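All remarks here apply to the structure that follows.
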Amino acid sequence: MSTTSPSSRLGALLMAPVNALMRIVDVPLRGLQKATGLGGMAAFFLAPNMLIFGIFVLLPLVINFVYSMTGGTAFFLSERSFVGADQYARLFTCADYLDPMSCQEDAFWTAVGNTFWFVVLQVTLMILTALITALILNRDLAARSFWRAVFFFPVLLSPVVVGLIWKWILQRQGLLNFMLYQFGNEPYTWLTDRNWTFVATIGVSIWAHMGFYALILLAGLQAIPKDLYEAAEMDGTKPARVFWRITLPLLAPNLLVVVVLALIRAVQIFDEVYVLTGGGPGTSTLYLTQYIYETGFASALRNPGLAAAASILMGAVLVVLTLFQLGIGRRQENKGKR
Amino acid sequence: MGEIKLTDVNKSFGSVHVLKDIDLHIQDGEFVVFVGPSGCGKSTLLRTIAGLEKITGGEIRIDGKRVNEVSAADRGLAMVFQSYALYPHMSVRQNLAFGLENSNMPKTEIAERIAEAARMLEIDQYLERRPGQLSGGQRQRVAIGRAIVRRPTAFLLDEPLSNLDAELRVSTRAELAALHARIGSTMIYVTHDQVEAMTLAHRIVVMRAGRIEQVGTPLELYNTPANRFVAGFIGAPHMNFLKGEVSEAETGAVTLSIGGGHKLLVPLSGHKLSVGDKLTVGIRPQHITLAGDPGSLAVKVRLVEALGSETVIHADLHGEKLLAVVQGQKQISPGDEVHFSIAGAPLHLFDGNGLRVKAA
Amino acid sequence: MGVASRFILRRRGGKGWHWTDIVTWIWLIGGLIIMFGPAVWLAFSSFKTPAALAEFPPSILPYVTSQATVEGYDKPLQLFDTKMPDGSTRVLAEVRRIGVMSQMVDPKAPGEIIRVNMNDRTPVRTVSFATENYTEPFVHFDFLRYLWNSVFVTVVATLITLVVNSMAAFALSKYEFKGRSLAMLVILATLMVPLSVIMVPLYSIISSLGLFNSLWGVILPTVATPTGVFILRQYMLTIPDELIDAARMDKASEWQIYWRIVLPLTAPALAVLAIFSVVWRWNDFLWPLIVLSRRELYTLQVGLSIYSGELNVQWHFILAMTVVTMVPVVLVFIFLQRFITTGIAGTGLK
């Protein structure tokens, strides 16, 4: 009578021990339910998450402030001395406030400056390319999901892999030099040129992440009702005007979300750059996260307190951006309700 | 083995008071229907009996045992939900078996019970299907089957037919009545459809805004509604209500004057009415007949619905609406002036608070 | 053919080529080259010998120069296509070189030495895949160990992520209790607490728990992801409450309701989270870099980055191991691409 397929029978076989385990687990849990009721069970279900979350996210958030007000190279709080706002003062001590190099922690300000320009350029260019890509993918293309996949492909690659792929291409014997060589140019060592490494980090991070934003924008474009375009066509509206008057305004909320998301991610840039350039040459591609990492762990003159102070400053920027994003989300929700 | 007694039951969701002082005694084997407009608290009342909602006041006893603190699982009741709530990822058989497995019943007995219920409900052919592969009517049977296999002390059914189309609803209604006759367990059935209530119930509980308005057999409710709300709710189309004033009060009868100076003589023994009392008179549309007699109520026809076997006439009596359902087909069109007769019709009198004026 | 090309190249309104059609195709073809090209180039390169890698200009396919053992000579000799004075071409083996002149022999008739000008010969090359780039690192560089560490971290972290977050999502979607909105608020507020902000104190917590230099130290901080709770909760909210009431009437315990009713019905969302978790954990870099300082504990990402940062980079191994690291993600991409892209479009998750 029963018609189970081999695969479902295999599944049942694999699940049998798990199900048996769950039945055993159920016994004490039934007891707990009897004793504490539904409220107790809710707490039980929430507990593991909250515990891990509390220890590994909330607690560090709190401790970070304590860290930023203590000095020394030790990691255990008990071995650290209270220094008040010294770490912050150190970050902000400069001979000449217009010249980052005159600051006591010039590396921090270099990293801030680098990160700022990186964020501005990377986000602008990336969102622009993502928008163009989304607009093109939104056209009546054959095999659209293939083309979507093409642009999405690098998104899943690990940052280390991304860094290595491009390190290999920008090599002296790399693909880029090979292609330029075809046009008669001599090979160039791109990754030892301060200006080019900066450009490279921007280009590579756009390459790696653009597809993600294009995908979200494409979803936004597809959510615009088709009949608006049909109505515009009936009115004989010019395509450019359709873009400026219909597409862009209706896409604006998505665009805003995507920009803020991209900003939040760009501020934290680290992995692929670390592999590609290691922050160099010199400090030309030293960004904030790497500064924090090296100040906290790697460099010979380790100073976790200073790293914590810097991370709190970075966190403040991220909090502002996040609140902004939540605000946008809330406003869109309200709009949806109305 | 299925006696349910509610004493002074109250239920609030936060500051919203949903059930107010519910007293109800359901006998073993009874088929009781909760009826009332949407949002009046029928489902909530059913769910408090089920144990799915904790009551905030009062007491619930099942077979004499206080169950306020007993969880839904341990009250020995079974429920059929409006959406059927079949487990979508389980086959029909697994759906039926789930509850039995949870009470550690031997496999052979589970199989027996499922076979028996499947035969009774004629769902044997679908046992290996998923709910998603069944029609609405079949799903509904499975939902009932899931309750039957449990052999509960009482069945709780929350608008079980409301998702079926009209035809299926009528046939399933009859089957449900037959099922109850066969199993004989207590059934509590929630509906907002008074026709369903009238056809199924031993006793109907009419609810409004969290209160019980009246409890009685279908005919008690139809013939002697306790108040204007029940009178209006039970019976289709709704009862007509006309404003009236006592113009003569004798022992054994009162005379009412209604719109347009018409007089109605209502026999009423042992009443405490006096001249000048304002009342509402209720007349069921089926009790109105057409009359040639100019002495009866002269009304203006606004709309005529010819249903073939009967004719529904919407009319105006000096600004008050009056509806009549008369047998057969009539040559009447809107705008006509016709005469309604209510001679011999049972009249219902309600006082200023909407309560029935009772004969002593 | 005509139908196919007309279908693939169909244009706006079907009339002539609009400039936007041209832009579209340039963008698409350019995108295809730029997005796939680098990875493909890397994959090709990974099969080249160190000598071939050092060549400039590089070849696309992995070539090796051919050699032959010739009677009378101990070592294998390199083979060359040689242009003979009479204009014909022969394959000869080089014995030695003096100045611009090269002494060569015919491998089939090794007795006679033929002198030719260096410029009249080109090495004989054949396509050959240097698979030892792949096999060697597993033997000599602990890459098998790294692979195992990565798999362990990915699988365990994903399993814990699914269980812990689905339990929390269940509590937050199907129970009314005091503090529920507070819990939601906290989760929402920390949706964006990035590792870079808390790495210093997190490190101290990990060390005090004795999890420094332990794969668990890599796993645990990542598993209670607010994003996971969030998407699972959104999905569970769509499961009708009546189903849970029905299960309660069916004498199911709360744990059974979670395990037998809610989890199976949340399968699509769990699958999305599982895929993302696998990709996230497989790709994690900074945190493992901080927590793991012993070589035998490295994950693939850390191992790769350390080896590629060494002074004397052994590119042939690095490239091959990069391909190995890339393969699982590419497989996920090929088989689950549609699933992932709709998942992202639906949740804005990355």
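Miscellaneous remarks
In this document, chain identifiers A, B and C correspond to the written order of the chains, with residue numbering beginning at 1 in each.
Simple rule for what comes next: a contact is a pair of C-beta atoms (placed from the backbone, for glycine too) under 8 Å apart; a residue touches a chain by one contact, two chains touch by 3 or more.
None of the values given here were measured: they were computed from a predicted structure.
Relative to the centroid of all protein Cα atoms, the closest per-chain Cα centroid is that of A.
Of all chain pairs in this entry, the one linked by the most C-beta contacts is A-C.
Chain geometry summary: the mean Cα position of chain B and that of chain C are 66 Å apart.
For this pair, chain A with chain B, the centres built from the Cα atoms lie 60 Å apart. The geometric centre of chain A is 18 Å away from that of chain C, both derived from CA atoms.
Taken residue by residue, chain C touches two or more other chains at 253, 256, whereas all remaining positions touch fewer. Taken together, the chain C residues at the contact with chain B in this complex read 240, 242-243, 245-253, 256, 260-261, 264-265. In the complex of the two chains, the chain B residues touching chain C come out as 47, 50-52, 71-74, 77-79, 81-83, 85-89, 98-99, 102-103, 146, 150. Of all residues in chain C, those touching chain A in their complex are 7-10, 12, 20, 23-24, 27-28, 31-32, 34-39, 41-42, 45, 53-58, 163-165, 167-168, 170-172, 175, 177, 180, 183, 186-188, 190-194, 196-205, 207-208, 220-221, 223-224, 226, 229, 253-256, 258-259, 279, 282-283, 285-286, 290, 301, 304-305, 308-309, 315, 318-319, 322, 325-326, 329-330, 332-333, 337-338, 340-341, 344-346, 348, 350.
Residues 22, 25-26, 29-30, 33, 38-39, 41-43, 45-46, 48-50, 52-53, 55-61, 63-64, 66-67, 75-77, 132-133, 136, 139-143, 145, 147-161, 163-169, 172-175, 177-178, 181, 187, 207, 211-212, 215-216, 218-219, 239, 257, 261, 264, 268, 270-271, 274-275, 278, 288-289, 292-293, 296-297, 304, 307-308, 311-312, 314-315, 318, 322, 325-326 of chain A are the ones that touch chain C when the two sit in their complex.
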